[in-house]
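Each structure below is given as structure tokens.
Heads up, the next two complexes both have chain A, just with different partners, chain B and then chain C.
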Partner chain A sequence: MDGTNTATPLLEVSGLSVGAVTPEGTTPILEDVSFSLRPREILSVIGESGAGKTVLARTLASWLSDPLKVTGGTIRFRGTDLVNDTAAARKLAGREIAYVGGNPAGALDPTMTVGAQLVEKLRAVRPEVSGAAAKQKAIELLDAVRIPSAAQRFHEYPFQYSGGMMQRVMIVDALISDPALLIADNITQPLDVTVAAQILKLMRDLTGRFDTAVLFICSSLPVACDASDEVLVLNKGRVVERQTPEALVASPQHAYTSQLIRELPKLWDTAAAAPKEERGEARPIMSVRGVAKHYTAKNRAQGGTSVVQAVRNVEFDVFQGDNFGLVGESGCGKSSLMRLLTGLERPDAGTILFEGEDIGSARPARIRELRRKFQLVLQDPYGSLPPQKSIGAILEEPLKIHRIGDRKERRERARSVMSEVGLPEALYEELPNGLSAGQRQRLNVARAMTLEPRLLIMDETLSALDQTEQHKMLDLFERLQAQHGFTYIFISHDLAMVRRVCSRIAVMYLGETVEVAPNDRLFFDPGHPYSRALLSAAPTLEERRYDPKDCLLEGEPPSPIDLPPGCAFASRCPQAFDRCRGENPGLTARGGRALAACFLNPRRGEDAPSMTTPETTHA
Partner chain B sequence: MTSIDTLAAPGGRRAEARSISSRIWRLAFASVEFRIGLIVFAVLLFAALLYPELSGIDPTKMNIRAKMTPPLFMGEDWSWAHPLGTDQLGRDMLARSLVGLRYSILIGVTTTVLMLAVGALIGLVAGYYGKSIDTVLMRLTDAQLSIPMIILAITILGVSRPTIPSIILVLGLAGWPVYARVMRSTIMAERKKEYVRGAMVLGATDFRIMVLLLLPLVLPPMAFVAVLDVARMMIFESVLGFLGLGVQPPTPTFGNIIADGRKYLLNAWWIATMPGIFLCLTLTSINLMGASLERARNTIYGGA
Partner chain C sequence: MFILRFLLRRLAQGALIIFLVSALIFTLLRVVPGDPVRLMAGGMAPEALIEEIATEMGLRDPIPVQFTRYMSGVVQGDLGQSFVRPANGAAVGGASFDDSTRSARAEVWDLIAETAPKTIQLACLAMVFALMIAIPIGVWGGLHPGGWPDRIALYCSSVFVSLPNFWLGIILALLLSVKLKLLPAIGYGGFAWTILPALVLAIEIAPFIIRSLTVSVAQIMGQNFIDIAGVRGLSRNQIIFRHGAKNAAVPLLNLLGVQFSMLLGGVLVVEFIFDYPGLGLLTINAVMQRDFPLIQGIAIVTAAAFVLINIVVDLLSTLIDPRLEY
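This part shows the complex of A and B:
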């Protein structure tokens, strides 16, 4: 795009420095940042957490709050200096310069309809626009970001929108005033891969249609490369390089970038062997059969109650000493299933056998005893630690609960797990306040470990951490497994992570396990169209095995309230045929220890649909 | 970012090896406000408990000849025998005020502890279990809230002879619903958080989660509000005394001292004023301690 777009730069940042100014002195956050951005250009800014990405975004949006201050340099937006002319900067922010953050649910007013908020925003910026015209424009834009039946959705409240739809509404909110510059700060991070892929595609369309320039802040290199024309790498507050994605990947100039690329997990790298199933004794530690769970929800709009089928037909085995992966998008029932697996809730049907004992029907006291042997590590490094307790107390709590050891023994145990997960023992009497997200997750793992469990369930444990930190945690998990013989279940939406560590993977869609297969088999020969769609949407720098154009899903999964009678995926499946809409395929073996719930797979004893793929046996 | 700074703060290393609660108390004790509050409160408490007995002055002994003696250095005929003057019947105001303070603190503190305990317990159970338990307990709370305190007091204390336990009961009965409501909503919000689920997965019992995990977390802010309520309850006790529903004469209480002194406001202002001054001193000292304790907590926990 460089050659064709020779327009004058829209934004010119030169020598920008931002620091935290406190009475004790100034801590620099950004130092000497310079770059320029032309209309219709998408520039990604990447860097690890703490590199100053969000500070940069907020500086450009004139949204710095104490103690952060611009300490040097200029920001020129169409020639206007935003640093010195604060009045002009304030006027531009929200009109010409729009900012979209990563927390759409927090940014929308829950008491107003989405439409009213958009109209209010537009008319606050452009009072001359009439109400009717504003509404018209809002609906047009909602349509442009593919909100289904936008005219009706206009009158709905934020809670009626899904996370992905809210994020799109935030983009509309930013675009409604026809900004020349859109600052997108981590907008895809909280979204599922298939939805994030939709948003990226959308952003590209929009730059073409509205001449908007986009500054795309992101912590994932593949997403940044997918999304943008050029990538700016920020490290410790400094710009270390700027290149086109292809050039960046091919010849990174800076050590930090090359490390980033080196550490990037690969999805289809056959050189690095995928974790194989090690089944000396084929005894499953956890065995899930036909598990289902529904919730009744009050239907506020129409009155009465509706039944939400959160989990159904879930089947899989987890073997001793193995790494099992459970992937799926948000709303697919992963969290509900996690609650069932950990005995927090009881299934309506089916059995969950842990070492031969059914967790689903055990007495509460028995479940409590069993909890010593299986533990859960939660997702949120901040919310999952009890507030106002010292690290030592947090680690001793599980021992106190199960009345293990005396004071001194508990203290010793706490100290020993701290050193095992790499937390300095000096932190024993400290509050976890000062810990980073990564250290907090270590603490979480340490707490789960104090009871010396057999099975650890990791519920999105790594999703809040950046790539470097994830890497270290995975190494830690591996070491702990080798030492203690843990079995892990990773519940995740991160395919790359699952590819790296899990030997056997289950894919969930709308509460069902649609495919359970060994690692290599799932990635190279998926047996379900949904698995293929997921793989096609995964952010990666590698050549894609599955073209998003063929597999990428339009729209959102159907609501789990009114499930279609047949295969739940039929409504979005590019290969669906009549039988899919009337009959649920159910998991069937397809050889090589792989199972999939799709009629397209040839099955034994039944008429196989006219498919040419022979049943492959996989190593 | 800031939290990392506090962790690495130089010089703080040695102090940080102590347990968290001892760190809070030390920090609170280091503040001037806390010390002033503690000294004033201790002096008042000891005076109230010991002075009338030690000095041998009977707060109910009348001396008509010395009636309405002004406090020291006020007016013409003040005397060292009565540092705070005497009332309309010549009774020593210092002794009377200190005995009154004794009852006032007794009733104020016991009542507050009672209503905090009842309210917190009901709120905790209702908020934690929710559903039908919550409905029953909260309707009970609403029912209690709908009865005005004064009417309740008149009904109970007017029918039977007011005694200290019955006064405590009446005031406590009127006060607990507020605590139950605050507790319930706080617990409902906390209960949904991940760390509670984390504790469940570790195998903690409901009792353990409620009493050892949630209660220590939500009780301190409520106890801080309760300190202010001690003041309110002391004033209510005075109101009851003023209405003649409090502790009955001749036992001096702030309420009946004020009620009596009201008639002589013009020629003996100090009678009705002294209880107010003692009340004010007591409450200020309690609040000074409470405020610096709260500040110390916030500093140590840093918003966690």
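This part shows the complex of A and C:
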């Protein structure tokens, strides 16, 4: 298994076991884990949730808290035994062994500037560095991770950084002491795909430049394969195999790995037919026209208020019995739009027609009546259920609100939806706190279903679930659709999921729908450079149709407060030209029921590209 | 720039608050029963003379007219004259309605200016004592939530909060002044006279500070950035004192602001027990003598102090935590 590099290992883990030690006994978490890591090597560790990945990362960073304890084995870092020599291990922490976690949001003290904390950290682990030298080094590294105007950003507070920028700051924080080993625990998990791709590229550049070895812990196989020299697979606390990414994908040794590879959703798999658009009725069930919403935010620096344009120029139709996808990165206005679609807020402009009735201008009482027909399922399986109500009561509440049926009928209805979504009837009297994340989302779907709605809006409903559970839920959705004729709107950032289930997809960028196209068309012939950028950054093991190098410039989306006058994507678009910076293209038909907001597409009436997708027959 | 706008806005709001407080106090004092002129002139004075004096002093005018007249003086820095206290400091005369010195009544402003520094001294010392007691106990408890330091903090606060201040004052005076003869107890003759009442006040407010500190320190120490600071290589002292204490300071600061305002305005019982010549004692006497101008003056000055302390607290909080906006 060892490669050609024969340098002495930096890190040697042998027979490592970690367990939760309680008076009742020891529950093993990691068992007999052995591997070694050489300087400059990037080793990925993958495994499903609960496999012990994070415990491994924390053990190596000497950061185990009760009741977790090392119960056997050794960890040698350049010959130093980290398990037994805790004093030496503490000295190495932050200095030679650096750790970056997956939650950059709360990782720094909110009351101190980012710069001051970077300097503080460097001088804590290397007291010989002067304050001025530390500051200079911090600014250099901030620059190296492409924080714009690093010298000024040095003096800003953590809350003034976006999530992606904070993650880069945490990488700087780890690398500032020139560590020999970087433990990266799920660092791309909370980031958008385009930002995550930037971070991964950056990490590779930096390890080359600073001779750092990286232990890259990750739950996504494509990301792990993308990032590393070798992949270590962890299953139920044991190392089941270690191979190079190519070998692992080509010939997985362990059943778990092969299952993981088999279940991996594919973006450009032509063998499996993409969902086709259903056209039961000519009239769309929901029709969104020119919808806009802005919020005013207090501006602290200059005084006064500024306008955040959360949603602008959103246009699409959703047809009965169809699966409609709405994709985009965080901050693109997906959730604001969801609030408008469900009548929680009213748009400032445009109309949202649900079965021909405008939700945006309906009376509150009428919206409440209409809500019977469109229901919402939220992302967070934990926060979206009242913890002190029994499952039965949760399911009967919508019926009570809408005054449907008597006690007995409501009870029967609750039991029947429970069995439909696959929750055992015995759970009727239970509280939801014993349910797993997957069961909780089933309960959420069941609650939305009790009113027999026509349209279900799924706001990132699956993103908190692991791959296997997602699979089961999608099967459930499909079955329910076949039985009840539901129409789904999936709001998601997960392209692979959308590819599998949605027949028509809208791509949002900075509050705007920049492209609305049938499934195959979007994935094989996207009409907007941002869609191409998204596809190029999506984690997948397939051969990419779009090379990240050609699709995306560095940088982050502009703030929705100071929107540039022209196309919002112009600042990151490699193909932008003068017109893009002065004029907003707007959604334009490009044939085959596809629309895109880009000047590069031939105008209607001009020579439209020939269509290969079968949707043309519906047009 | 931010600070200037902040101060302007808050001072304007403060002026409005003080105006409303004045109006409320002024009206209430005049609606409640009890004629101050009767107290000034004495029980033996004839009814006609009372009416004459009252009319002469403007006390029979409609309340809005009286209030306007009073406020126009206040904005010029004139809080009026005491009804009962003579300027020469002589004893308050009950039956001396024909006393020739009665016209030379004391200025309210002078009376307050004389007593307020003593109360401020008392309040500051009490605050210092309270922090000296509460910070070690509270921080220690917060660092070990659920452990025995936490329980000690809880027991200490429970004991302190259940000691009545008049009882504690008497006991401490008995112990430290009468038995041990360490500290003077009654009246005021210098800094040493402040220590005993300050100690009583400190024990009264310490439980609140201990409770607030245990909770906020425990909460801050559970935050992600504290958790991860050790892995980043910071020492435990750096984590506790630079990051933990700083973040826990904001709720503490708010509590101290409220406590300090209360000390300035209402240490009535303690000042009365120790006969400490501060604002509290002045207030008690003013109320007992129906000395309207003095009560109003004290109310306005304490309201202004409340407003200023709150502005200072909010400003300090924003300096500590830049995310806060006021």
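Details
Throughout what follows, the second predicted complex is superposed on the first by the 598 of 619 C-alpha atoms of A that agree within 3 Å, B and C clash if a C-alpha of one lies under 4 Å from a C-alpha of the other, contacts with A are read in each partner's own complex, and residues count from 1 in each chain.
Here, a contact is a pair of C-beta atoms (placed from the backbone, for glycine too) under 8 Å apart; a residue touches a chain by one contact, two chains touch by 3 or more.
The structure presented is a predicted model; accordingly, all values stated were derived computationally and were not measured.
Judged by the touch definition given at the top, the superposed model places A:297 against neither chain B nor chain C. Of the two partner chains placed by superposition, only chain C is touched by A:93; chain B is not.
In the superposed model, A:124 makes contact with chain C only, not with chain B. Touch criterion not met for A:561: it reaches neither chain B nor chain C. Once the two complexes are laid over each other on the shared chain, residue contacts for A:386 go to chain B alone; chain C is not touched.
In the superposition on chain A, A:482 makes contact with neither chain B nor chain C. By the touch criterion defined above, A:159 reaches chain C but does not reach chain B. By the touch criterion defined above, A:307 lies against neither chain B nor chain C after alignment on the C-alpha atoms of chain A. Judged by the document's definition of touching, no chain A residue lies at the interface with chain B and also at the interface with chain C. On the chain B side of its complex with chain A, the touching residues are 1, 3-4, 6-8, 16-20, 193-195, 197-205, 208, 213, 216-217, 300-304. Considering their complex, residues 20, 342, 344, 368-369, 371-372, 375-376, 378-380, 383-388, 390, 397-398, 401-402, 429-436, 444, 447, 451 of chain A touch chain B.
Taken together, the chain C residues at the contact with chain A in this complex read 2, 5, 223-225, 228, 230-235, 238, 242-243, 246-247, 320-323, 325. Those residues of chain A that touch chain C in the complex are listed here as 61-63, 93-95, 98-99, 101, 103, 105-112, 120-121, 124-125, 157, 159, 173-174, 177, 298, 300-301, 303.
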